[in-house]
Amino acid sequence: MAQIVLDQLNAKFTGGEILESGTTHGDEWARIRRDAWIAAATFLRDDPATKMEMFIDLTCVDRLGIRGGKPDAPRFDVVVHLYSVSHKHRVRLYCGANEDDAWVDTLCNVWAGANWYEREAYDLYGVRFKGHPDLRRILMYPEFVGHPLRKDYPKEKRQPLVRRQAGSRE
Amino acid sequence: MGALDWVTTKLTDATNWARKFSLFQYPFVTACCGMEFMSVAAPKYDIARFGAEFPRFSPRQADLLIIVGTITERQGPALRRIYDQMCEPKWVVAFGVCASTGGFYQNYSTMPGADQVVPVDVYIPGCPPRPEQVLDGLILLQERIQRNEGHNQVAIAVEAAERKGIDVPLARIRAIGQKAETP
Amino acid sequence: MTTTTPPSTTTPEMVTITIDGKTHQFPKGTVLLEACNAVGAEVPFFCYHPGLSSPAVCRQCLVDVKGQPKPVPSCYTPVADKMEVMTRSPRAVDVRRQMLEFTLVNHPIDCPICDKAGECMLQKQYFDWDAKLARNDGIKVHKAKVVDIGPHIVLDQERCILCTRCIRVCDEVAKNHQLEMAQRGDHEVLTTAPGHQLDNPYSLNTVDVCPVGALTAKDFRFSMRVWELYTTPSICPGCATGCNVEVHHSRGKIHRLVPRENLAVNKQWMCDEGRFTYKRVHAQRLAAPFSAGAPVEWDRALDDAGKLLRAALDANPLEVGVVMNAQSTNEDLYALAKLTFDHLGLGKAYLAGLDQGWSDDILVSADKNPNTAGAMAIGAGRLRTLLDLANDLKSGAVTTLLVVGTHGVLATDAPSALPLDKLKRLVVIGTHRGHLTEVAQVAMPLSEWAESDGTFTNRLGMVQRVRAAVPAAGDALPGWEILSHLARKLGATMDFTEAKAVFAEAKSKLPFMKEADWGRVQLPVQLRFAGSRG
Amino acid sequence: MDDNHDSTLAPSTLPRKVVLGFQDVEDLTAPDLPTEPLPLNMGPSHPAMHGTVRMVLEVEGERISSADIQIGYLHRCFEKESESATWTQVFPYTDRLNYISPMLNNVGYAMAVEKLLGITKEIPERAQFIRVIVGEVSRITDHLTCLGASAMELGAFTVFLYALKAREWLFELLEEVCGARLTSTYLRVGGVAYDLPPEFDAKLRSIVERTQVVLSDISKLLDRNRIFRDRMDGIGIITREDAVAYGITGPVGRSTGLAYDVRKDHPYLVYDRFDFDVPVGSVGDNFDRYAVRVEEIHQSIRILDQALKQIPAGPFMHPDPRISLPPKNEVYNSIEAMIAHFKNIMDGIHVPSGEVYSFTEAGNGELGFYLVSDGTGRPWKCRVRPPCFSATEVLTKVLPGLFIADVVPTFGMINMIGGECDR
């Protein structure tokens, strides 16, 4: 359906910036090299044939020890979903980042909406977004330590801000 | 002095009777249960029939804190502050399982029951509880009030304990929403 | 089994066969079922087991072979040249379904109360290959539900599907024919000889190989549902054999050990004794640091320990002794050796460990310590025995002792041969409470084998990976961490931040760890999602 | 259908005059009024903040100069919980995302898993119609609640009572369908849990008629109401460009003139068989959002009417025994069904490994589910794309320049739902 988007991408970026691309379950996706992240996004937004002007979603996947995954794949994938209101087609972009240098360039200057989504991804996964205007935690409180949606964060590890004196329940 | 006892007990009964039918509630509405709370306030299950129709959105004017919905760790200090701002005598109702025990949210962010932070008089289970259940819980509370029970007695005891030097939960509340260290 | 054994390379001669239309090459003599599973044309089975002989009694592995009048049991048929196998042909699938239906006719509706439910092969095969509703609603044949056939095992004859795996385990692994089939037809039952019990030292393997819940371990049954369990690969600390095991745990508590396939060490088996080594992780643990008999914070304990040792070193380094332990991981031992010999330049180091025990020529080794070989290699001849230590203590040649790992240093509680009374200073880093930790000036909690990452070196010199399965008891820390803190207190620079770093350094220094591999990070897998273990 | 709906109220045909109280805006901002910046904190326990948002406003006099919206007070770890639950066990969590319209979340999630399973086309037709019907009913409850609550926050308590009255009827209908008033968990992967109850058709029709009466009452109360209009007209304007850049969809997005409705642009289930319109605003202010929601309720009613006419008989669950549960009496009486039930419940449906993004039109806009499966019975990742997250984000840009009193209606018309925004 949106094969045109991938074709445009592959036609524009011939220097190996597009690591992979394909269609699974009817979704077009492309894996972008980290240094071309902004360029690819801007191109998709501005190119008349793709015109991905609507920012749908940005999140992150932690592939720590995922069964069936490639051993050398990066641990984190920043995943962006884009939509073109005029052409009514979508695309999903991946950008890998490894644990030791978990950062990706920010998309805030391409789509204003990316701001909070990137804050969330940073909050829950600890992936930094270079150039983000105000990279604070958004869902968790500032005192929270760690990044809870990482696979190695225990589900029930609470970090209370306040507790009542034990035993004072009637 | 029997006579005096008689007078005082009757006096307490009278005040309690007055209190239980003029509960000024502070609905601390956070989540799904709020929808059912609306239904309770709405015409069909008219909570006004029990003298608790008047929500006061200022803790200073309320004497019944209804905790409606999930309390997260981030919400905790705010809830505790609201509770501390209410004047004695005060009562607390946990509306729904999330406020009672955390419900099926057992994870890093949700608090396993609002009673981790404030003492609770009546727990209303259900996810969310049906309005009938809520009214039932309210009646339970009214009976407690008539019997002169309720955690406000406990709160006084806790204050006494605190005066004895047991550490004060309030003191452990940090200012909410400080700026995070930007990376 | 999830992994099939690679075809034996005894005969170099290869044969070409066609499986589901694709041609493959296999060494002559390969069992057809293994060939099929190796190439992904999965064939179900009950009675077949990679480590046992195949009697072809369950008829679940029937496949069509061109030219054969009827489907053949693939677990019994060796591959032959130009063989054409159809594992998915309608006839084969239908025949397998009918056999499965037969198996289910008399199977009790026990899943909700059955310990095997969740890792049951019968459930798996039915769901993968049949998934049709029952066609008969006759009365099921009833047999004995609770038969106490051994010290560790309970038998439920109704659930048994007569695959005879357990019989073959006793015959071929334990070399001890203790189980037998009795009766005929739908009254056939598994049983022991009258007056005898299933009590060989490998009896619990029958529970592992049992595809259904007929044989259940007394130690485990009704204690935990398997889909609540998480599994972490590790090594059995029971003896120097170093059997590969899976640690099954939930919410910080270990519930059982089961063997993990490693053809070079323990194949698919382990001994009953080893299965119970997990109990020591949760019993009598030293949970907090102690100084002068009172529980203290870590910093305080380390300070005191540092002061003690510093004083001793200033007084006379020759009187300072260090006791290593053959139960410690290579990492702990390496860190200790580095501190002792390289940094402090001490001469008196001793090796402790559990006493010798019984052994056989199957798996069990007389040396009951998992890492004696590693300790020896790291000590490089500088380690002496506890006997020497006793003498040194008597003669007063050693007045200060640093003990890392308490296993077997003393008899459990009573003061034993070691004359500790002569000691001026005693610092103990140990896992369990006991006389030693009580008399010590400073005692610090050490994490057990199942609580820390590291490697063991077994009697064959293989360096095998131990993984942390459960959080450490109380404040316990791994040895290398405690030692690097202690080193800092003693003015030595040994700052390891993770076990992997210790491993890497040890690997670069020690020849016997050259080929060792740390392996990848892996999260504990929930058994419910690991599928049936079979 | 639109008889008792005042057609002069179609968005963008209304007389507009940006007034505040009875003074012109300019008078309030005369330069001679000395002001100094003052930080003002609203929430998290502010009656109009739905208990889950904290706004740190900086005001100069009455005017807001900057706004810092702090969400996350209702972060219930939807993703972490989902990762430790089977695919079916995630449904209860989806109920509590947008808890005013749980059915729509159920639909979105179920369709995502089905897309990953590759059985989207095989869902029985009756199940698809049922999904549409309960979904639209939920949409009506969603909009009714939004309207009523916002009106109440502006002092129109009667409207709240009217809206709640109608919502109560719909809740009771849903209760007959799935046994729960609010948190339904009615859908399953491959269909729905139960068939529709008897006389559902008649009941729904009568409720719809009564609801339309209620709607006209609400319109009469609000549309000519000066207090209401003053807080609505020209307040909190969102431009179409912002809507696109921020990814704002649903009523809020459409109020800006962005004619994007998943049901129209990418029809799913059987929405392509119904004739309905997508109301679109022109200014993007609060009143457009109000009008769009009112109009959407009418469109939902149209869809319901057609769906009730077209719904076929037949199965309501996918036949595959590896997806749907066996009949209960079989489970208790035969080992085969017992095993099937056991595996379905304990192992969960085994979804092949892969990644999909599936999106539906929920009460607040495009509700997306981005699922990652590693081939086991539980999601490796179950990301939900919350529609009102973007809409709340844009407030940081919309609020500055408004007056403090405008925050409440603007925020109310954004219809930020804590469970969905914070997840």
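All chains are identified by letter, namely A, B, C and D, in their written order; residue positions are counted from 1 within each chain.
As a convention for this text, a residue touches a chain if its C-beta (ideal position, glycine included) is under 8 Å from a C-beta of that chain, and two chains touch if they have at least 3 such contacts.
Everything numeric in this text was worked out from a predicted model, so none of it was measured.
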- Chain centres computed over CA atoms; the one at greatest distance from chain B is chain C
- If you average the C-alpha positions per chain, which one ends up nearest the average over all of them? A
- Query: Taking each chain's centre as the mean position of its Cα atoms, how many Å separate chain A from chain B?
  - Reply: 41
- Message: Averaging over Cα atoms per chain, report the distance between chain A and chain D in Å.
- Response: 25
- Distance from the mean Cα position of chain D to that of chain C, given in whole angstrom: 52
- Touching two or more other chains, which residues of chain A qualify? 67, 137, 139-141, 148, 155
- Task: Please set out, as single numbers or ranges, the residues of chain D touching at least two other chains.
- Result: 70, 72, 75, 77, 80-81, 376
- Query: Can you list the residues on chain D that touch chain A in the complex?
  - Reply: 70-72, 75, 77, 79-81, 84, 115-116, 118, 242, 244-248, 258, 260, 265-266, 353-357, 359, 366, 368, 370, 372, 374-376, 380-381, 383, 385, 389-390, 393-394, 397, 422-423
- Query: Which residues of chain B touch chain A in the complex?
  - Reply: 73-74, 76-77, 80, 106-109, 111, 115-121, 151, 153-154, 157-158, 161-162, 166-169, 172-174, 176-183
- Note on the structure: In the complex, the residues of chain D that touch chain B are 44-47, 50-52, 54, 56, 70, 72-77, 80-81, 92, 95-96, 99-100, 145, 149, 160-161, 164-165, 167-168, 171, 181-183, 418-419
- Per the touch rule above, chain C residues touching chain D in the complex are 104, 107-109, 111-112, 117-118, 122-123, 126-127, 130-134, 137, 227, 528-529, 531
- chain A residues touching chain D in their complex are 24-27, 29, 53-57, 59, 61-62, 66-69, 79, 81, 83, 85, 88, 90, 92, 111-113, 115-117, 124, 137-141, 148-149, 155
